[in-house]
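After this come two complexes, each holding subunit A, first together with subunit B and then together with subunit C.
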Partner chain A sequence: MSVMTTNAPRARRLTLRRRRQLAGFAFALPAIALVVGFIGVPIGQAVYYSFTQWDGLTSTWIGWSTWSQAFHNTDLWTALENNAKLLITVPFALGLPLLIAVLLHQRVAGWRIFRSIYFLPTAISWVVLGLVAERFFAYQGTLNSIIHFFGFAHTNTNMLGYESTALTALGITFIFTMIGTNTILFLTGLATLDPTLEEAARIDGAGRWRIFRSITLPHLSRFIQLAFVVTVIALFSALFSLIFVMTGGGPGYSTTTMEFLIYQTGFNQGDFGTAALYGLILFVLTAIVGIVQLRLIGSNE
Partner chain B sequence: MTTLATPPDTAPLDDTPAVPDRAPRRKVGRWILFAVMLAIAAVMLYPFWVMIFTSLKSEQQFLSGGGFSWLSWRDLTSVIPIGQEILSSTIVCSASILVILVVGLPAGFAFSKLRFRASTAVFLIMVSAMMVPLQAILMPEFVNVTRLHLTGGYLGAILVYAALGTPFSVFLFTTYFRGVPDELIEAGIVDGLGYFGALWRLVVPIAIPAIATVTVLQFIQIWDDLLVGLLFIQNTNERPITVGLAVLAAGRTTSIPELMAGSLISAVPAMVVYLIFQRYLVKGLTMGIDR
Partner chain C sequence: MAEIDFEGVTKVFGAGPPAVDGLTLHVNEGEFMVLVGPSGCGKTTALRMLAGLEEISSGTLRIGGVVVNNTLPKDRDVAMVFQNYALYPNMSVEKNIGFALKIRGDSKSEIKRKVDEAAAILHLEDYLERRPKALSGGQRQRVAMGRAIVRSPRAFLMDEPLSNLDAKLRVEMRLEIARIQRLLGVATVYVTHDQVEAMTMGDRVAVMRDGKLQQVDTPQDLYDRPANEFVAGFMGSPPMNLIRCRVRSGEDRVEVVFGDQVVELPWHYTSSHTLPPSGVDVVVGVRPEDVLVADASSTNTIKARVERREALGSEILVHLSHLDVTVGTEVATRDDARVSTLVAKMGPRSSVSVGDVLSVQISPEHAHFFDAVTGATLREN
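Moving on, here comes the complex of A and B:
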């Protein structure tokens, strides 16, 4: 890559630095082009199309109508409400892995094997985990077997079949799918904890709970923050596979979250303009969480 | 799900001294702990035993509750085109990962060692692109890729996966390469390797662990993904296995035992990769905060 310039003396002076900068730019260009083309440009398009009536082929500018229609649409509010309700799973999706990580950290015999087993579902597609969860909650499924085992022979649940319980079943499945990832995060955090600190506290007569609360937990705080962000983003943008195989968004709209509403509005109803607008709303929601994460990076660097 | 920044010298997950084992009176406690961990293991393995035992029944046996049969395994390939779907998944995964590495490695090199004007700002924008979920830009993306006539084969899906995976890999490579001494690169460039030679001969060999991390993470992510494969591969004969399974399941006409057999097969490649390269996966997931 040679630098062409008419200003010869200046070029000679700058040539090395400029060559290096040009090389750097050229090296970064393919990645920039890919990300701009497939992520940046569509964000701009989504803004534009949210002001249009759009079926994917032709779009007509209709100004704010899409927006006002969308915000008067109960589907949008139902989806947002479902997303909000699912936030209740977050403490569980963090608490259980924290407990499991602390148990693993005790290094009981065979803990490496246990660790591998606990992380194993992390490798499996949420499509497959969704199919298995469907078996768990089904009328003839494991959940009812457990209930019967405990003596309630005539109690039968079918959580995915009813509007009142389907979202809870989805939430429980989500908690299960997050256990592996969050346990990995917490276990890594525990591994960076200086064991002599705990030992010193123990010699000073501190009980287990006290050590956990005063030493372990504060040490883990940034890992917990990170796990929180990861979990919330997954909740907003990774449930699609689970919903697709478990409920298809139903019964009714009871398990339709924002991301699934986008898919339904666009591909089942063919209303691309409204779907683009819903996409923007999801974008803003994740951006808020993303800013929190960027701040975390900032505070760590 | 991917996250945050790291120096290459991150501590391995194990190998830190264990909590020291103490007096024998603790022994009972250890046994209780062991039992609890065994119970958790049973829960975490639940998906596998559901898949195994359900697939070992015929449809009748499944509906009536008892029995054992190889039927759903024998007939599996006539219900689900397993071979074709695994081939599709393999093509899409490897091609996407290849693109991610080919664009990600030079970009990481550029952002860490060949910094150009505004490279920090560009890098930050790149990092923020990690946070954009595909669903947020799904409609324009779909229309663009369709208009470019890329949904007929694998190319559309490959490019979308590559674009979604690139921000994280650029981020990871950049932070990794920052740990490579500048003098090494300088010496290489001065010795006539050129920029490309310095990248290929000096940086890439050191970056093998980072490359492994990106490859393993992306493999599992792409293999397991549904949305991109579902929308950006229009030809049903070219469906990846995860998409094939999801579509069959959503159709509600396939027998459950056969679906479970297919699920098990689809899960095997990602599980094998995970078990072999567990270390890299863990590193990738905890990039940046395991110091």
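Moving on, here comes the complex of A and C:
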């Protein structure tokens, strides 16, 4: 009771605005704690480890030497180059789902079944998808069977076996793993499109292509931007399981991405300091994509 | 500009009853035709078939004498104003209005000239750069109109274009749309559920119910000579009083019996109407303004008690209950509270109050008679 009586006049001295701010802060506190605990602290640790030689058991402070050496490491540049090359898949990982979503939205016969089929890969572990893809591209795999079926009996491919083609095979697999998610995202977007807009455009004389370009696409722009961010982030930070199952980063370093390089450096070479640094680089790259994209969305709305 | 012809046009969705059932309707060049009816009567479906947004199940639809049953919307050269306006949200007002012209391939200067012209008619000059989101409801409505008139189409189709506006704006735009339509002289089919819009805007009005056309006529003729009980009850506010009563006819007189009260009808009704024989029910229709308070010397009156009094400023609606009367037919669907009373429209100075017992008289020239079973008018010719 005494606490209340002494506190009451003090509380009254605070302005309403100030009290609201305090309440807001109090409510946000658990969320802040979680963000700091699970994101802030690990990032801080990674920054710290990047200045140490750490084999998982003991760490010794070595200052900037990891940083200076890392940027002279050709593996890093190869991995970054692979990441950059894989960005070519993004237009396909967005374009194909867009096409599928628009077709499904026309309620073509059997659209429900098709929708399930396209969404199926999303419900399957990427490890399984990687295994399937590995069998598909293998020397005695499905791809060659298809080629032979169409009469090219002496043509054989082994995309995963060569440095020149392994990354392409990985990229194609990635596109297929993204189709389900992005298709559903675009279908959701299309469901929010006012059908009378299309009718108005039809009466105004617009054909299918014109309606798509002038009505559908502008409406979907925010959904496409979101899909873009999701896809790029997945490309940078979710490809591990596919690479691990399909190529193990090879042949050579031809399918080693930043993400895979982190794993190899840390767990295969036991150099957690350098791995932490690579992790930071990947984090910064991903963050840049996200921030740029958020800015673009923000400027529209 | 063109005339529009519906010939037995029918639309069936799935297995249900037809949404539009054998609609035959002719819209003249430059005519303002209003399709009116309660929701679900098929008026919007009829309009959408005319626009080409809905396939025609059977019948023939002609625009300008050419059958358009299988013509795509874009090739019909009609413009439509939607209930929600359907403005393209990502385009400015200018682009919205000019969209059809751009598709048509008009030159930039031509588009600009036509858009400016339409904007001037609709007082939109200051808003051309804005997006639809930044406009008020009334302005959006104008943009939707602009999009229609800029094309100089062969016909305007309007689907309840005023129903999203507030009452004051609606009255304003009602006049505005009628003005523009007269100015441009383009055949217009205007769908509404609001009988006031229908009465005030249409050159002719087509009343629909359950997919069937009930009557097409000028607004005044619809009001004065309704073809059936439904039209009689639908047009006019408050609606016509429809009272079921029994005919009693003798050699030189014909009467109707309201419960235990008897009213003798002027003899001329026997020649202008096919009244049923003695002992058969009819539905008598009386407009509220034709229910008059009788003075002491009047004969042929009904005694009724004032149950409710609604002062509307310029007039007073008086709800009267008369004794022992069974009312309503299978044809007219009215809620119970309403059928038990007779509504009279009285002058603002009438000094009636709830509980008064009045002698009322039905204006002898203005009674309507309908078949008690089919609801059709008993008027001859």
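The rule is short, and it goes like this: the second predicted complex is superposed on the first by the 254 of 301 C-alpha atoms of A that agree within 3 Å, B and C clash if a C-alpha of one lies under 4 Å from a C-alpha of the other, contacts with A are read in each partner's own complex, and residues count from 1 in each chain.
In this text, contacts are C-beta pairs under 8 Å (C-beta built on N, C-alpha and C of every residue); 3 or more make two chains touch, one makes a residue touch a chain.
All values reported here derive from a predicted model rather than from experimental measurement.
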Checklist entry - Is A:F283 touching the first partner subunit B, the second partner subunit C, both, or neither of them? => result first
Item to check | First, second, both or neither for A:I32, with subunit B first and subunit C second | outcome: first
Checklist entry - Touching A:R135, do we find subunit B (first), subunit C (second), both, or neither? => result first
Checklist entry - A:S214 contacts which: subunit B (first), subunit C (second), both, neither? => result second
Item to check | Touching partner for A:Y162 - first (subunit B), second (subunit C), both, neither | outcome: neither
Checklist entry - With the two structures laid over each other on chain A, which partner does A:E199 touch: subunit B (first), subunit C (second), both, or neither? => result both
Checklist outcome for this item: In this superposition, the partner of subunit A with more touched residues, subunit B or subunit C, is B
Next on the checklist: On the A-aligned overlay, A:W67 touches which partner chain: subunit B = first, subunit C = second, or both, or neither?
Outcome noted: neither
Checklist entry - Both subunit B and subunit C contact which residues of subunit A? => result 199
Checklist outcome for this item: Given the complex, residues on subunit A that touch subunit C span 194, 196-197, 199-207, 210, 214-215, 218-219
Item to check | Touching residues on subunit C, where the partner in the complex is subunit A | outcome: 51-53, 72-74, 76, 78-80, 82, 84, 86, 88-91, 99-100, 103-104, 147, 151
Item to check | In the complex with subunit B, residue positions of subunit A that touch it | outcome: 20-28, 30-32, 34-35, 37-43, 45-46, 49, 54, 56, 100, 103-112, 114, 116-132, 134-136, 140, 142, 179-181, 184-185, 187-189, 191-192, 195, 198-199, 222-223, 226, 229-230, 233-234, 236-238, 240-241, 244-245, 248, 258-259, 262-263, 266-267, 272, 275-276, 279-280, 282-283, 286-287, 289-290, 293-294, 296-297, 300-301
Item to check | Residue ranges of subunit B in contact with subunit A within the complex | outcome: 1, 3-5, 11, 13-14, 16-20, 30, 33-34, 36-37, 40-41, 44-48, 50-51, 54, 65, 99, 102-104, 106-107, 109-111, 113-117, 119, 122, 126-129, 131-144, 146, 159-160, 162-164, 166-167, 170, 195, 199, 220, 223-227, 231, 242, 245-246, 249-250, 256, 259-260, 263, 266-267, 270-271, 273-275, 278, 281-282, 285-286, 288-291
